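Labels for the chains are A, B, C, D, E and F, by order of writing; each one numbers its residues from 1.
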Amino acid sequence: MRSDGRDNIQLRPITIEKDFTIHPEGSVLISMGNTKVICSASIEDRVPPFLRGQGKGWITAEYSMLPRATEQRNMRESTKGKVTGRTMEIQRLIGRALRSIIQLEDLGEKTVWIDCDVIQADGGTRTASITGAFIALALALQKSKIENKIKKWPIQDFLAAISVGVDHNHQVLLDLCYEEDSQAEVDMNVVMTGSQQFVELQGTGEEATFTRKQLNELLDAAEAGINQLIEQQKEILGEEITQQILLYKKDDDNCLSK
Amino acid sequence: MRSDGRDNIQLRPITIEKDFTIHPEGSVLISMGNTKVICSASIEDRVPPFLRGQGKGWITAEYSMLPRATEQRNMRESTKGKVTGRTMEIQRLIGRALRSIIQLEDLGEKTVWIDCDVIQADGGTRTASITGAFIALALALQKSKIENKIKKWPIQDFLAAISVGVDHNHQVLLDLCYEEDSQAEVDMNVVMTGSQQFVELQGTGEEATFTRKQLNELLDAAEAGINQLIEQQKEILGEEITQQILLYKKDDDNCLSK
Amino acid sequence: MRSDGRDNIQLRPITIEKDFTIHPEGSVLISMGNTKVICSASIEDRVPPFLRGQGKGWITAEYSMLPRATEQRNMRESTKGKVTGRTMEIQRLIGRALRSIIQLEDLGEKTVWIDCDVIQADGGTRTASITGAFIALALALQKSKIENKIKKWPIQDFLAAISVGVDHNHQVLLDLCYEEDSQAEVDMNVVMTGSQQFVELQGTGEEATFTRKQLNELLDAAEAGINQLIEQQKEILGEEITQQILLYKKDDDNCLSK
Amino acid sequence: MRSDGRDNIQLRPITIEKDFTIHPEGSVLISMGNTKVICSASIEDRVPPFLRGQGKGWITAEYSMLPRATEQRNMRESTKGKVTGRTMEIQRLIGRALRSIIQLEDLGEKTVWIDCDVIQADGGTRTASITGAFIALALALQKSKIENKIKKWPIQDFLAAISVGVDHNHQVLLDLCYEEDSQAEVDMNVVMTGSQQFVELQGTGEEATFTRKQLNELLDAAEAGINQLIEQQKEILGEEITQQILLYKKDDDNCLSK
Amino acid sequence: MRSDGRDNIQLRPITIEKDFTIHPEGSVLISMGNTKVICSASIEDRVPPFLRGQGKGWITAEYSMLPRATEQRNMRESTKGKVTGRTMEIQRLIGRALRSIIQLEDLGEKTVWIDCDVIQADGGTRTASITGAFIALALALQKSKIENKIKKWPIQDFLAAISVGVDHNHQVLLDLCYEEDSQAEVDMNVVMTGSQQFVELQGTGEEATFTRKQLNELLDAAEAGINQLIEQQKEILGEEITQQILLYKKDDDNCLSK
Amino acid sequence: MRSDGRDNIQLRPITIEKDFTIHPEGSVLISMGNTKVICSASIEDRVPPFLRGQGKGWITAEYSMLPRATEQRNMRESTKGKVTGRTMEIQRLIGRALRSIIQLEDLGEKTVWIDCDVIQADGGTRTASITGAFIALALALQKSKIENKIKKWPIQDFLAAISVGVDHNHQVLLDLCYEEDSQAEVDMNVVMTGSQQFVELQGTGEEATFTRKQLNELLDAAEAGINQLIEQQKEILGEEITQQILLYKKDDDNCLSK
């Protein structure tokens, strides 16, 4: 049994607090066990230089941890004067993942800034960031739609992410906490849509390797976890937003992969 | 009357949530109206190079805002690659203020890192940071004392801070929100101890000037506000810590200014 | 008695050399005892982005020390690759102080760059910088006026700054040299106008605290010192510039605080 | 048919020039079609601080492109003053991949620096870097072994990497050139060992998504490509080194995943 | 005799490989003994801000070494976050040297970026860079001329560079390898044109000094070496480009020094 | 005739003020016409890492300009966050030049920091820096000798520097002011010793070239100028220091070039 008593293929308790701060267009505090991330979505009325004049929008993400989000205090990246490789990898992942389910043409020439600030870390901060950021993004776009700032609803599908891994007893685990993660032989982050398609798959043998069979077990576990997360997203977002996302899909099924 | 209906010399509603995150030795979420700051205190078993071998401790502070703590999103300082002048000024102020009520010799060769992370800003973030950081520091040192990691209780007095200002109708205001602050003619931050001594006084005519008479009215208002804040600190910290701080004072009254 | 034989409320000898270098529009070398600062004012025909198109000017300041201005050589900030918090705090203070006595609308869309370069340091470098920079600024603006580059004389009042402090014998001292400053219990910088109004007040208990009574004694001493400094400024600037500043005041008395 | 006439599941022509430069302990120039990378391995007799005194070694990688390796000239990262997120992601990947097939304890307290410098880019630079770096590493370690600088042969298995993707006609392609890569819907980098185990799997829907079925086809293609690359590695490294790697495996089969 | 058996006034073997990489407009790999530099010329259709609207072009150079171009691995400048003084000195020299034989008005509003990337270093990397960069530049401009992208042939003369030095036996040496260079008493880099005029002369007593007589011997040696290098440049560039350069000279002889 | 009425081979008026600031071990203000540089020498009791334990000392130099030393204000390098290539080139030159006439073994394990801060610039700042820094260095070492902090007098010879150039009328000029320098066709900086040996020679055709004959005329002019500068150095330094330098030479003539 796992240190917190969970089954191998069981998520940690999840809570999602909508409108956690007042200024952003969309904002949530997502907790998965002891991992807590403030996700906010800010809409800006212009796009980066490489997109100007194309009528398309952009989604970009930034990720950070408070210095004492972790057991040992980490030096701030602003104090170091540079963003670490790990942070850049994560913020590139979050941005890419969210762009995959957005029709950027529908957004118009706007940039959505996603900020994921980890205030407490216990493993799975990048996947919690994606799952939470999706909700902040949907809330912000719903607000824009109500205020007639976007022409068309741009979210095509739900999106969530989860970590899976193989421990040193060759057990497949879902939603690893920090202690499990630091001892895992294989560590995989999976991002999937509500229609069970992959968006991103990042699997790493941590000074170890893994087989095709293990990969399949990991993916089964991830799929189960993501389905539950998306159910929770629907509940938080409510009927109206959920229907909009699902209807986008029905209308537009053939060009899903664009 | 003020935009939120307060009297001129009235504080905004204050809430202080103890142990807001699990990893730091001391942690609070302090809210003053819509200004919300996570303050944490982390204890490290070594001192900066300039203090090594002197048997004294050190207290240092860092301050940051989430990008969307404000109405307009701000670029992260880690992305800019440098800490702004405003941030440096604030973190130097917080560190200096807290060191004034600590007997650094009692702390032993330890550094306390104070992190003040503003998650929502509506004026007065630096003074809320000091008031909250004092509590986080006291909680962390109480924990250290219980675990026998410090020899002697090092906090000599209570400490809180508040902003005061003069608006364009020449009215003195206590605890300015962002809107008031941005229109004030004079802006002053006052840090005081529980025995009503000044620790720091920073008054600025914002492209304006002020008289000695106005200064005195500002200080009266600040003193009233700080007394209320310190009452609230006592309540949150509880009887045992409060008595320790008060008794330190009684034992040691003559050398208060060291 | 003080180490250099002065009375407690006595300034160090002051010399101010006008037009110390040939290139800037205004330039002085100010010496207060062994503290020597080159202050120059450079006028640029444009304003920072946040002011464009508003018909107003701007004043900004930079402060630096030569590496061997001090007893121990300091590393250059250009070599470190960043400006320290102390430097930023000082240059923000100098700029803010000078803007308080300038009618920025009268300046037109111009930026005045104030450079304060300390070539020898013995305490009070930031206050000497302000006192000297005021003269450099007045000289530069007089030159602009003569060359018809500004429409209206923009300086509303004189401006000077001085340090005061409390030593460990609880004596109030005026114009502290480095040795006194490094041992002071309380350290306060005061910026005042020719009409004896405060522009900036920064008082710090250096790991100590101070009472309201001490504050009043400190302010009395500062006021006395600043009056002498302003007399000296008048002498250096000469009758014509002095009258322009005084007349600005008389014409415009009611809106002094704008 | 593909733009260069290849079949969908066919590698580009590969050439590997051993000992391309004289200074590094191991050095190759690897070409996969028009992609050319200089890979070198440098052995240093110490480890990073976090490993000191543990008797283990370390492998770290750096990756860079010449400014005109690409069709449009890119600014140098040294000129920008910082390493981009893309570069950091790639060098972390290369280091992690190589560490997975090395028994770091056998290496002793040494660091191997892997440098992958792309002198001409046409897609697949990170996978070519891994495939080439493996050879440079093996050459360097063989030299160390001959000179008795390492006690035991530390390479446990072969290692190579390849890119696979899905084009906009839903075709699975092996070893994408730049033009194919920039138009692909799905882009996946696969790192595998000589015993056909996964080390790293990074699949990304580029503003698109992919199914489990597509994933399986991609992995089949990658496996085929990697087997060919490893055959080529064996040929270049020669009988002696190849046998050492294969024998390490046979002796030690059970603890392969450590 | 010298360590590699050369006479004192003898160049190392030179090879120049044209079109070494496919993307740049001009590209060579130049080897002088074990020193190997990839030189590329990239043409951009705009000029730096200080030249805009003047109808003139610009030539700028960047220089870098692969980390393991040298016997000991050097840290990358991108990792350090800054370019060293040595690198800046060299790239300023290369740019200045190439601009001296170009009629920038003939180039039109274009920038030529010269990249000199040392892949193997054994002394004389800056002079090899200049000699090779001249060829890359000529190839790129010939390409531009053929494609009618420049109006007039802008190269006025040939250009090459070589190092000379005085060893500790007071012998004058031509084209020093690294070992000779690191032991030389005097080190001089000479850049000359095909009409035997000086472009740049940088002579340094390395913690030593030199006489006017020694200077003359050094210049004689340099002149001999440069003549040979220019013969080789003519051969590589071929009859057509060579004639264009020589004819530019004949037409325009009087204004050679502009 | 030249713009300031000088003959072609005539220096500008020189003044050298000894002990210009009180803190450095050696300090001068040198003026050559309108070019004014504060040169200071600071002695530190340790050497850089690469020299530790070898019993030798080191001399290193830093160079900077006040922002308004020039006709147009320049941005501070500390504000830019990096030192420009020009500055690095100059400070490397100054350090190298001074090391050439110092017996570093005699210095013992000390570092001399030379700071050259240009407070007013009108051409020739780098050569004035060298000429002034030599005096500051000699004053600092004399002080060290008197205080018995160095065992043996380490200065072997006098050292001065001057600029020469060719104007667009093909006239050779000595000691160019800024206006002349910016229009010169050839610009050369020459550093020589009191025994008329070269230490450094840097000649540049500014988008032009020069002949061997012109080189010889330039060197004749430089030699004449340097002889005068060294006479002035002797006068300022006085009989005792001058004799020490000259006697070092006589005792040790054969090993002058070490």
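In this section, contacts are C-beta pairs under 8 Å (C-beta built on N, C-alpha and C of every residue); 3 or more make two chains touch, one makes a residue touch a chain.
By chain, with names taken from UniProt: A, B, C, D, E, F = Ribonuclease PH.
Please read these numbers as outputs of a predicted model, since none were measured by experiment.
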item	value
Joint neighbours of chain E and chain A, given as chain labels	D
Mutual neighbours - chains that touch chain A and chain C alike	B
Same or different residue numbers at the chain E/chain F copy interface, by half rule	same
Angular offset of chain A relative to chain D [C-alpha, multiple of 5 degrees]	180
Centre-to-centre distance between chain B and chain A (centres being mean Cα positions), rounded to whole Å	35
Between chain C and chain B, distance of the C-alpha-averaged centres to the nearest whole Å	29
Distance between the centres, which are taken as Cα means, of chain F and chain A, whole angstrom	61
Contacts with 2+ other chains: residues of chain B	81-83
Topology of the chain contact graph, where touching chains are joined (line, ring, star, complete, other)	ring
Going round from chain D, first to chain E: chain order	D, E, F, C, B, A
Chain D to chain A touching residues, read off their complex	82-86, 88-89, 91-92, 96, 99-101, 104, 157, 185, 188, 193, 195, 197-212, 215, 219, 256-258
Contact set on chain F toward chain C in their complex	21-24, 27, 34, 36, 38, 40, 42, 44, 62, 64, 66-71, 73, 76-83, 87, 113, 115, 117, 119-120
